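Both complexes shown next keep chain A, but they swap its partner, so chain B is in the first and chain C is in the second.
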Partner chain A sequence: MHQIRRRLLKAIGGVIPLAAAAGAGLLRAGNALATTWNKTGFEAKAAADALKSLGVTGAQPSKDIMLTTPDIAENGAQVPVTVTSKLPNTQSISIIVEKNPFPLSSTYDFSSGADGYVSTKLKLGQTSNVIAVVKADGKFFTATKEVKVTIGGCGG
Partner chain B sequence: MTMTRREFLHTLAVASAAGFPLGGEAHAAAINSFYDLHGFGNNVTLMHFTDCHAQLLPSYFREPSVNIGVAAMAGKPPHLVGAALLKHYQISPNTKLAHAFTHLDFERDARAYGRIGGFAHLATLVKKVRAQRPGALLLDGGDTWQGSATALWTQGEDMVQAAKLLGVDIMTGHWEFTLGAARVKELVETQLKGRIEFLAQNVSTTDFGDPVFTPWVMREINGVPIAIIGQAFPYVPIAHPRHFVSEWTFGIQEEKLQQSVDAAIAKGAHAVVLLSHNGMDVDLKLAGRVSGIDVILGGHTHDAVPDPVPVKNRGGTTFVTNAGCNGKFLAVLDLEIRNKQVAGYQYRLLPVFSQMLDADKAMSDLITKVRAPYAQKLGEKLAVSEALLYRRGNFNGTFDQVILDALMQESGAEIAFSPGFRWGTSVLPNEPITLEHVMNQTAITYPYTTLTEMSGEMIKSVLEDICDNLFNPDPYLQQGGDMVRTGGLQYVCDPTATIGNRISNMTLSGKLIGADKRYKVAGWAPVAEGASGRPVWEIVSRYLQDKQVVSAPQVNLPQLSGVSDNPGQA
Partner chain C sequence: MVRASRNSTNLECAHAKRSMSAITFTARLVIATQAALCCTTIFSPAFSAQSATAGTAAPLELKRPASVRPWQRYKVDSQGSSWPQTRWSNFSNLANAGVSPPAHAAPAFNLPVEGDAERGRTLAYDRARGGSCVVCHVMGKTTPAQPGNVGPDLSTVGATRDDQSLFNYVYDPRIYNANSIMPPWGAYGVYRLDEVRDIVAFLKTLKEPYAIADKTENPNTRPAPVESRDNLDPTENPAMFGLDSGREVFMRKGANGKSCASCHAAPETAFKTWAARMPRYEPRLQRVLGVEEFITRHGRATTADEMLMQSNDNIAMSIYLHNLANGAAISPELSGAGARAALANGQSLMKRKVGQLNMACVDCHTRERHANKWVRGQYLVESKGTTAHFPTWRTSRGDIWDIRKRFQWCNVSVRADELPPDAKQYGDIELALAALNKGEKINSPGIRH
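Showing the complex of A and B:
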């Protein structure tokens, strides 16, 4: 089962949210959506509260998390964000946009053996830090990158 | 690595070119020695020009007297102007090199040395170099298909023909994209095909991330394999209306670039060259983070930098250049390849003095032909200027002030904004201002003039945003271009502060701007989708025709703070 899922995720670039995969009949819902909806986290209006809802305490920055974003957003409404975790036994990846009205954008859970890889597009209301929070082997690690949102114009 | 020898030879070359007295070099021997380059290395030569902005004819272009660098960039190339630049590069004052690289005594020296650039004169120089260095490649860094009336009205056609006749081998782009993705694709896939390779490793489709252009090519120069990678301007959809390239995404794309470099080395490249439209500060940062590139031939920021800047990285050293703009310069890079790698180089950034180079016949004929349908209209005299008109500079130029004055008079607005473009030719005092001069300042595909009501708070945030694009301490967060020019509105600017804190004390007619008060603001070149309005050249032309004589414009400049000892201003 894990082998198959990993191959499936690789085959499609590992990009789909699990809910979508489950909806498409690709995964058994009972298995994939084992965690419950993090209502407190997704409704939190401050990054600190969102982190608390995930149970994050004392998370360390890790070089094993690759967070890829544009330096300046081409379109604040659709900012491509990719997170790759090389940490062994990656269990979940959450993405927080610090200055958004609701900072916690998404959480992805990984069954054991799945590659820690997420690629998505997020809306950014203004220049903000984007924080990837990875849970691996029961511990939390982070990677942070600032994405600039500008009104544009006036290029040389 | 023959570091010492290379530096010695290079210094020698610069010194030999710098020592000409004012006005004393009109004779043939001096001209020949100016453009005859010492041989160097083993017949691996790259020529490079960039940001010519479609100037087919020789013209005047005043270099900036204000080009401030902040944070780690303060006081370092390319942020040196005037006497500080001459001193740094040991160029004697009052020479033609001093004239080419600085604004000093511009009017006097422009009259002495004449117009610079022009494709017919550039063609002669390219042929001269090719005669001395058979097999040399010619690279075009982009901003070639925009900047003149004829490029706009032929949608880049005139420049494509001229570039083909010039013998350009490889190019990348920036303003090219403002002709729209379809036109760029059409030109690349038809007219350029088999003649000019259009490279861009950092442009891909927004849907699946597929590459839009070839990222890099291997070219043999006299038997030596050299890889050339293309880097288009990374911020096209931000600096310009996004709809021109709605299905393409850009960015710096360091990781992809490293992959291209690694692939080129694995395929046996003896040297790796990046043809870049990043801008010099971005290239200097990138050179420290990506390894394996020998030379970055750069453009975008229009910096005429006489010497390459070495940057150390984990793979060794990368040399970064920037070759000016407006067709003023041809860079000639000779590489010495030993044991399948770069062992030394010689670099010369040669000004294209039209008085010292004959016009190439075939190129002159082509230019006459492509201009013929428009020449009469463009030659129309609108007014005479009593002052030197120029644009380039961090905060304002006299020609921009004319545009601002025209916008305010025409619309009745109390404040005007004009974009801080770095292109645009200069007009000498008492020279007639023609429609062509106006087009050289305004020829873009989104020339609409706008009139909007803005709150004081909004005005402040616009100025802060644009100022951050110019002075962010992280070069990757700069887009290039200069500060928006303001008419009516006065302010204090501290380039060394952070966003939100650079602009202060905004006033209009001596009164502080109110945060909630609303002001009528005229502008042009809107990036918002669906914008429309009369083209700015119509408004400026009418203003000039009404005035007949333009006396020295009162240039509205912000009061600067925090940079009093910065050698980026003179």
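Showing the complex of A and C:
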């Protein structure tokens, strides 16, 4: 796996402008890659509005969603978050960071029977609840976990 | 099939697994993001030499400094994290002992101490002023998130101490405890006298015990961080780009047409344990030479390439050479009068109180003192077990640091003027740390907070 990744990295290592574009928010991955870009959702400034944009009503917490995060993130700039959905017919996974300026971080659409699994790194501005929203068989389910962001000592 | 929509404000990197289509897309995201993180950090120049085996005297340029002169403190790291710019020349540092004022009693003050308790609370909880009290103490029911536990819980201090001792303790704790880790807040001018009074006024209000129920909030039950990332996975550790750069620098021809490879045809064999035997006492310099300074001096003497310490080329080479020694046990040469004297000096420097915060390495990083405790949300690690991963990617800084830059940052964090990376004192401390870490396996590049 390691070797494959290294080759991949080498192969695409030159695509720095792409990264710059993505960092600046110019590269709307959604436009190119997702069926629909959830503009309202990604621009929503409150978690409730983000949920509404996803069409979530009356979502139930589900034990079939495993939301894995550190209890305390050493660095809010890159918090590893993994969502595994064991719900049958998982159609999408969205991740919401309640206290971020733009709470909806990402949505992943699954089709062709893909396993409901996402592993990513998110930016957390401060200690916050992270909510995984899973759409399965037309219904919404959630899992929530608080992630504390480390507050530094004297220096760092 | 997986399609991903991501909010660019939250985007760091992503990898979805178990779905080939997802891997292709997300791998690209990872690469793009990581490339962005790294492209400004590390790029490649060359050098050469003789054998890397012990005993042979490698050519070294011996006269010029190995780092920038005049040395100037960093303003920012490569990704923009800032460095404090205050000069602290009126306090001791690792080069100058005896500069900091000795312990002294507070100037006369009125009893009872009167001040603005609310303002005192703000000062006690405010991170901007020397980290503030909460960095080390739990302080009553209004304690903000993630208090530390280097010092005692002060939730009832107002019921147990009188005004005079509270004032003196905040002004200069050494009046009561000569070796206290607590900074002399008043005596060293972090807080003005009126601010000390306000803090004391606040302390006097603390009379109720406060048990923090949340296990991760309570510093006495908060679990110690565990480093479990795969530091050699380039999708995890941006410093892995330095490894590729280092290999390129090794192969690249220097100003005289030679490369490192001209003399070291089989680096994988030649350097299998080399970095693990560094730093070492160098008789020609009469001080300790670490990997990074060696790169500078050996490069100058062989390929005529200039790779100043902490330059991108130097760090890349350091990563490459350390990485070649991965798995090798740290085994510094400690015999010989020069090495023994350097080691003793390094150990002594680690006990020297430096800076406006008046702290020594051993205060925070030995279990006899305060290691394995919390300063706010950060865990103080012991010196043992903390050197084998350098150079290392610092996630909190977005930069690759060699061990000397880590020393510089420690100095600045306790508000002591740092030294140039090739300072003799840093060499001595590096040797003392290598002695402490003897037997630990090199595992570089690392990734840490």
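Note that the second predicted complex is superposed on the first by the 116 of 156 C-alpha atoms of A that agree within 3 Å, B and C clash if a C-alpha of one lies under 4 Å from a C-alpha of the other, contacts with A are read in each partner's own complex, and residues count from 1 in each chain.
Rule of thumb we're sticking to: contacts are C-beta pairs under 8 Å (C-beta built on N, C-alpha and C of every residue); 3 or more make two chains touch, one makes a residue touch a chain.
Treat the numbers as computed from the prediction; the structure is a model and nothing was measured.
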item	value
First, second, both or neither for A:77, with chain B first and chain C second	second
Which superposed partner A:38 touches (first chain B, second chain C, both, neither)	second
Chain A: partner with more touched residues, chain B or chain C	C
Chain B versus chain C as contact partner of A:109, first or second or both or neither	second
Touching partner for A:148 - first (chain B), second (chain C), both, neither	both
Partner chain(s) touched by A:117 [first = chain B, second = chain C, both, neither]	second
Chain A positions touched by chain B in one structure and by chain C in the second	71-72, 74-75, 127, 148, 150-156
Chain B residues within the chain A interface of the complex	174, 233, 235-240, 242, 249-252, 255, 279, 300-302, 419-423, 462, 465-466, 468-469, 474, 476-477, 479-482, 484, 499, 525-527
For the chain A and chain C complex, residues of the former touching the latter	2, 5-6, 8-10, 12-13, 15-16, 18-20, 22-25, 27-30, 33-35, 37-38, 42, 71-72, 74-75, 77-78, 97, 100-102, 104-112, 114-115, 117-123, 127, 148-156
Partner chain A, residues of chain C touching it in the complex	1-19, 21-22, 25, 27-29, 31-36, 39, 127, 130-131, 135, 145-146, 148, 216, 222-223, 225, 232-235, 244, 357, 374-378, 395-398, 409-410, 412-414, 449
Chain B contact footprint on chain A (complex, rising order)	68, 70-75, 80, 127, 148, 150-156
